[in-house]
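In the two complexes below, chain A is the common chain; its partner is chain B in one and chain C in the other.
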Partner chain A sequence: MNISFSNLLDQFPGALAQGLIWGILAIGVYLTYKVLDIADLTVDGSFCTGGAVFVVLLTRGTNLWIALACAFLAGALAGLCTGAFHVFFGISALLAGILTQIGLWAVNLMIMGKPNLSLNVGRYPLLVSLRYLQEVIKGERPFYSSPLFIVSLFILALIALLYWFFGTEFGTGIRATGSNIKMAKAQGIHTDFAKIFGLMLSNGLVALSGALLTQYQGFADINMGRGAIIIGLAAVIIGEALLAWLFRNFALRLASSVIGALIYFLVIQTVLWLRLDPNYLKLLTAVVVAVFLAIPHWKSRVLQLPVRRNGGKDHA
Partner chain B sequence: MLDIIQVNKTFNRNTVNENKALTSLSLSLNDGDFVTVIGGNGSGKSTMLNAVAGVLSVDSGQIFIDENEVTSLAEHRRAPYIGRVFQDPMMGTAASMSIEENLALARRRGQRRGLRWGLPKRDRDFYREKLKELELGLEDRLTVKTGLLSGGQRQALTLLMATLKKPRLLLLDEHTAALDPKTARTVLDLTEKMVARHAITTLMVTHNMKDAITLGNRLVMFHAGRIVIDVKGESKKELTVEKLLSMFEKISAFEDFDDKLLLS
Partner chain C sequence: MRRALCIFAVLLMISVIVISTGCAAQNGAANPTEGSGQFYLVGISQLIQHGALDAATQGFKDALTEKLGDRVSFDFQNAQGDPNTCASIANGFVASKVDLIMANATAALQAAATATADIPILGTSITEYGVALGIENFQGTVGGNVSGTSDLAPLDQQAAMFGELFPDLSSVGLLYCSGEANSLYQIQTIQGLLEADGYTTRLYPFTDSNDLSSITLAAVGEVDALYVPTDNTVASNTGIIDNICRPARIPVITGEKDTCAGCGVATLSIDYYDLGYATGEMAYRVLTGQAAIADMPVEYAPRFSKMYNREICEELGLVMPSEYEAITD
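Entry: the complex of A and B
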């Protein structure tokens, strides 16, 4: 194998397709982490739940769109669990997410029946697939069957829908709950319901992302969601760090999370091309997330330092 | 219109930190009353406000707003009746949302929030007009995030939000305590203006005796979870800080003296 630049370029369409699919997860993570101000670890479980439900339904003859809808609903149900743990049991949101995630491990195994289920691209009409991507590049298929095109459309529709929803009276109430819960309650917003609804919507999107990934890679695996939250956070944080100064509108903020996911996968692809052991990727991701999280914190500390340019005695 | 009947609230019951915050507290407000509430730290005045707003649940007793019992109603379900301004200027507005969005949230206080667009363009002129009344120049800054406003501006905006949809009861919890004296004055003038204009029944907790005496038509002083002084009508108009202190001295001669130090 040679480390050539063209070799890297060949990998880029695949990285972009993965980035777009994970971008939907990133939008879900944005909704909890940024809008609701909750770090929701349910994601690691619900991502796989979406894939598992989708594969099982599709291989048993369910219509593809219905299977996708069911994957979304299954994810939403996982979000409902976390929300109920948090709101009704009074468990901290972080721990509630971990509990659901652990429980989902068993649920996902139950749904799939075994740790790995394959999805043969030849036997089922899939929406997105790695093979379609390659065939479009070779010119054997029209461009509109490329996963890049289809998932992009998907994302545009999703962002439009979410932009509308979070602009409605109800959606504005959810944003207010995340921004200032005391104020939200004083304005008569049912903050418990707002949180649960937000968690359901977020995990529904995460499961949808999982369902798309199983199609793309041709299998569902019990481990596919491991570390998903960190990738989602990385996407959200990278997107924000690079684009927050430019993107102020809510729809663009959502888009910046997708762009963050794209950048993440391009970087990962490049790092792999440099022959880094794939096993170290998670370490790399964790470090990247930690550093990007630290930047605003360090920035604010630097800004708060007393200015000493002219010495203190002039002002004493 | 507000009736607090025999309300008790004890924090940390059956522990060494047991603290009787409210002991058989009763208070009734008439429509249009502007009641100022004073008292030392831990006298129960903020606990009463939180009990009325639904932030705290009471151990026993009843609270009515108009004919509706709200004693065990959740905080967000009391919002239709109650407008609130908090001590912390950060608390009254959503910092990451624009002035306009905050006003739109307040406009639907206590109402159902459906899938209609939350920021109708036609409301903009109404918001501008209302913001103009604050005389802070906020009417030209509708899309500015409230996190960028000063403490005084945020308190003024919170006050506007609390009265945008006329509440049955306005709760002010030391809402000028965190502001510098000049800004506090502005916000207090604004409070007086708004309460008078809309004839809103108001409970204002304050640490400032002078404000408590000059504002409103009734003054109550809390001590050890009860109301120990209640001045209204003509005698309220003739009240001075000296008179109030001597009244309190007579009462507290039989009790502990902690609060007198805090008040003087």
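Entry: the complex of A and C
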């Protein structure tokens, strides 16, 4: 069997491309989980919604960019539902996300008409595809059609846009809502609207990520969003734990989520290469996320001890 | 703390590298050396683990091993039901430059066909290749680098079994997982056939194993008999259906043998081992250059057999015609 370390390295471009695509989802998850301080489980449904809308529109002859925009809008609509459940119905954000996610199963089936839709790379001009990646490596395509290049550009543009947006008065209002909702209200920020808008933006990005993934792997599947939130959270948390000390700037914080997604998919590809059972991968994900979540907590405990001692001395 | 994190990251990377080189060395030692005759590496990508798909993979391996002996080795990868993992697996196979990819189930085939236009790909356990690959006017040959075997059971004969075994019944419930592409195709086909035979039909789509029991409970209260297609989720959860249908004395006709062994009265089944074996024979012809994969039409199961579940039939007091054979195993 052709197992060698260089063989693993050959597999990394594909893993990186997948990681970049999921990186867009990770940015979306960052917006809700870190900026708005909401664990939004809509993601598992809206990821598939994006892919479903995109494939249905593209295969019926819609322009690729319009189809991508519609995927984004469909995701934003899903976010609007969660936001409405949360704000107007007074349902906790976690539960509101779960409700939308469950409902989206039926919506996604309705959009697609069946559980799995093929997107044949030979028949449609796609933006990104696993096929193009291989063809660039073999030199049959120019480098700029590589998914690595295109998705990187996509991410740079998205981060630039988001950086600008979250610097505007309205964007700062959304960040303030996440940091301290009472203070934000006192400052006259419409926190309900800020939350809904944040959820819409986040799920729009998640759906965009789903639309890119369907192109990359050549199909939309009703099960493609299952566990997406865990991958997104893992990416955000891994990125944060590894890079928070270095990346202070908001744009860099977003980038660290993308890097988290890259690391996650490099690990997956390595696990597959090692012939480990992918079932254990899910356990591994849970353990890794738990450990990275625990790091800040342990950090604060370790740092607290000397402070108390010093405090005691000073007062004495 | 920064330093601690850095050290942690470095340790993590070192451990990954050590583990991976260690495994590489282990695997390397077991490798047959290339050069003595033509040596083939075949990648197998399977969507999910259950009886039918496992049998197909086993048949495929057995056929190739029988013909090529130790000149073939398999790289078996299982996506454990996550369609996105199929893309990672396909990416790995293409990077490893395998000689042939066997894709077991729809998403595995789609990901492999997206990943490469050069490496030959044989699918199996796929019901309709035109649907799976988005080909309009599919004529039986995919072309390019893709071919394979279809698990389409003779749905017309399965529909006829209701008339043959239960002539007095009038309504049939169709129970299937709404998340599976192949199931919907089978259900739509057999629904037309049953209604043409004068049965009233009702659809009972369920989402996953969580709502399977409540949907099945609803079904047994409303219809005289049930049909379940070749469905991955049903195949993994036959116990739920059996526990509800047997006490309610509702007979179940199934799309394939393993499901029938779990919850069915009777089936007209293909044998997934045979199907995989046929795929393996196709792989042999492709690998040795005896046939060009672009010209190979999709093949179907070599034989079908009428089977029944003795235990359930006895409990329901059903006597099967003599051409039915009891499922043993």
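We adopt the following convention: the second predicted complex is superposed on the first by the 300 of 316 C-alpha atoms of A that agree within 3 Å, B and C clash if a C-alpha of one lies under 4 Å from a C-alpha of the other, contacts with A are read in each partner's own complex, and residues count from 1 in each chain.
In the analysis below, contacts are C-beta pairs under 8 Å (C-beta built on N, C-alpha and C of every residue); 3 or more make two chains touch, one makes a residue touch a chain.
Nothing here was measured: the structure is a model prediction, and the numbers come from that model.
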item: Clash-or-fit label for the pair chain B, chain C on chain A; value: fit
item: Angle at the Cα centre of chain A, taken between the Cα centres of chain B and chain C once the superposition is applied, in steps of 10 degrees; value: 140
item: First (chain B), second (chain C), both or neither touched by A:W65; value: neither
item: Chain B versus chain C as contact partner of A:I189, first or second or both or neither; value: first
item: Chain A residues touched - chain C or chain B, whichever exceeds; value: C
item: Which superposed partner A:S179 touches (first chain B, second chain C, both, neither); value: first
item: Touched partner set for A:K299, first chain B, second chain C, both or neither; value: second
item: Touched partner set for A:Y144, first chain B, second chain C, both or neither; value: neither
item: Partner chain in contact with A:E169 - chain B first, chain C second, else both or neither; value: first
item: Distance in angstrom between the closest Cα atoms of chain C and chain B, superposition on A; value: 18
item: Shared chain A contacts, counted only where both chain B and chain C touch the same residue; value: none
item: Chain B-touching residues of chain A, taken from the complex the two chains share; value: 165, 167-173, 175-176, 179-180, 182-191
item: Chain C to chain A touching residues, read off their complex; value: 1-2, 5, 9, 16, 19-21, 23-24, 27-28, 30-31, 41, 73, 75, 77-92, 94-98, 106-107, 110-111, 113-117, 131-135, 144, 178-181, 183-185, 207
item: Parts of chain B lying in touch with chain A, wherever the complex brings them together; value: 53, 75-77, 79-80, 82, 84, 86, 90-97, 101, 104-106, 108-111, 113-119, 161
item: Chain A to chain C touching residues, read off their complex; value: 1-5, 7-8, 10-11, 13-15, 18, 59, 105, 109, 114-123, 129-131, 133-134, 213, 216-219, 221-224, 226-227, 241-242, 245, 265, 267-270, 272-275, 277-279, 295, 299, 302-303
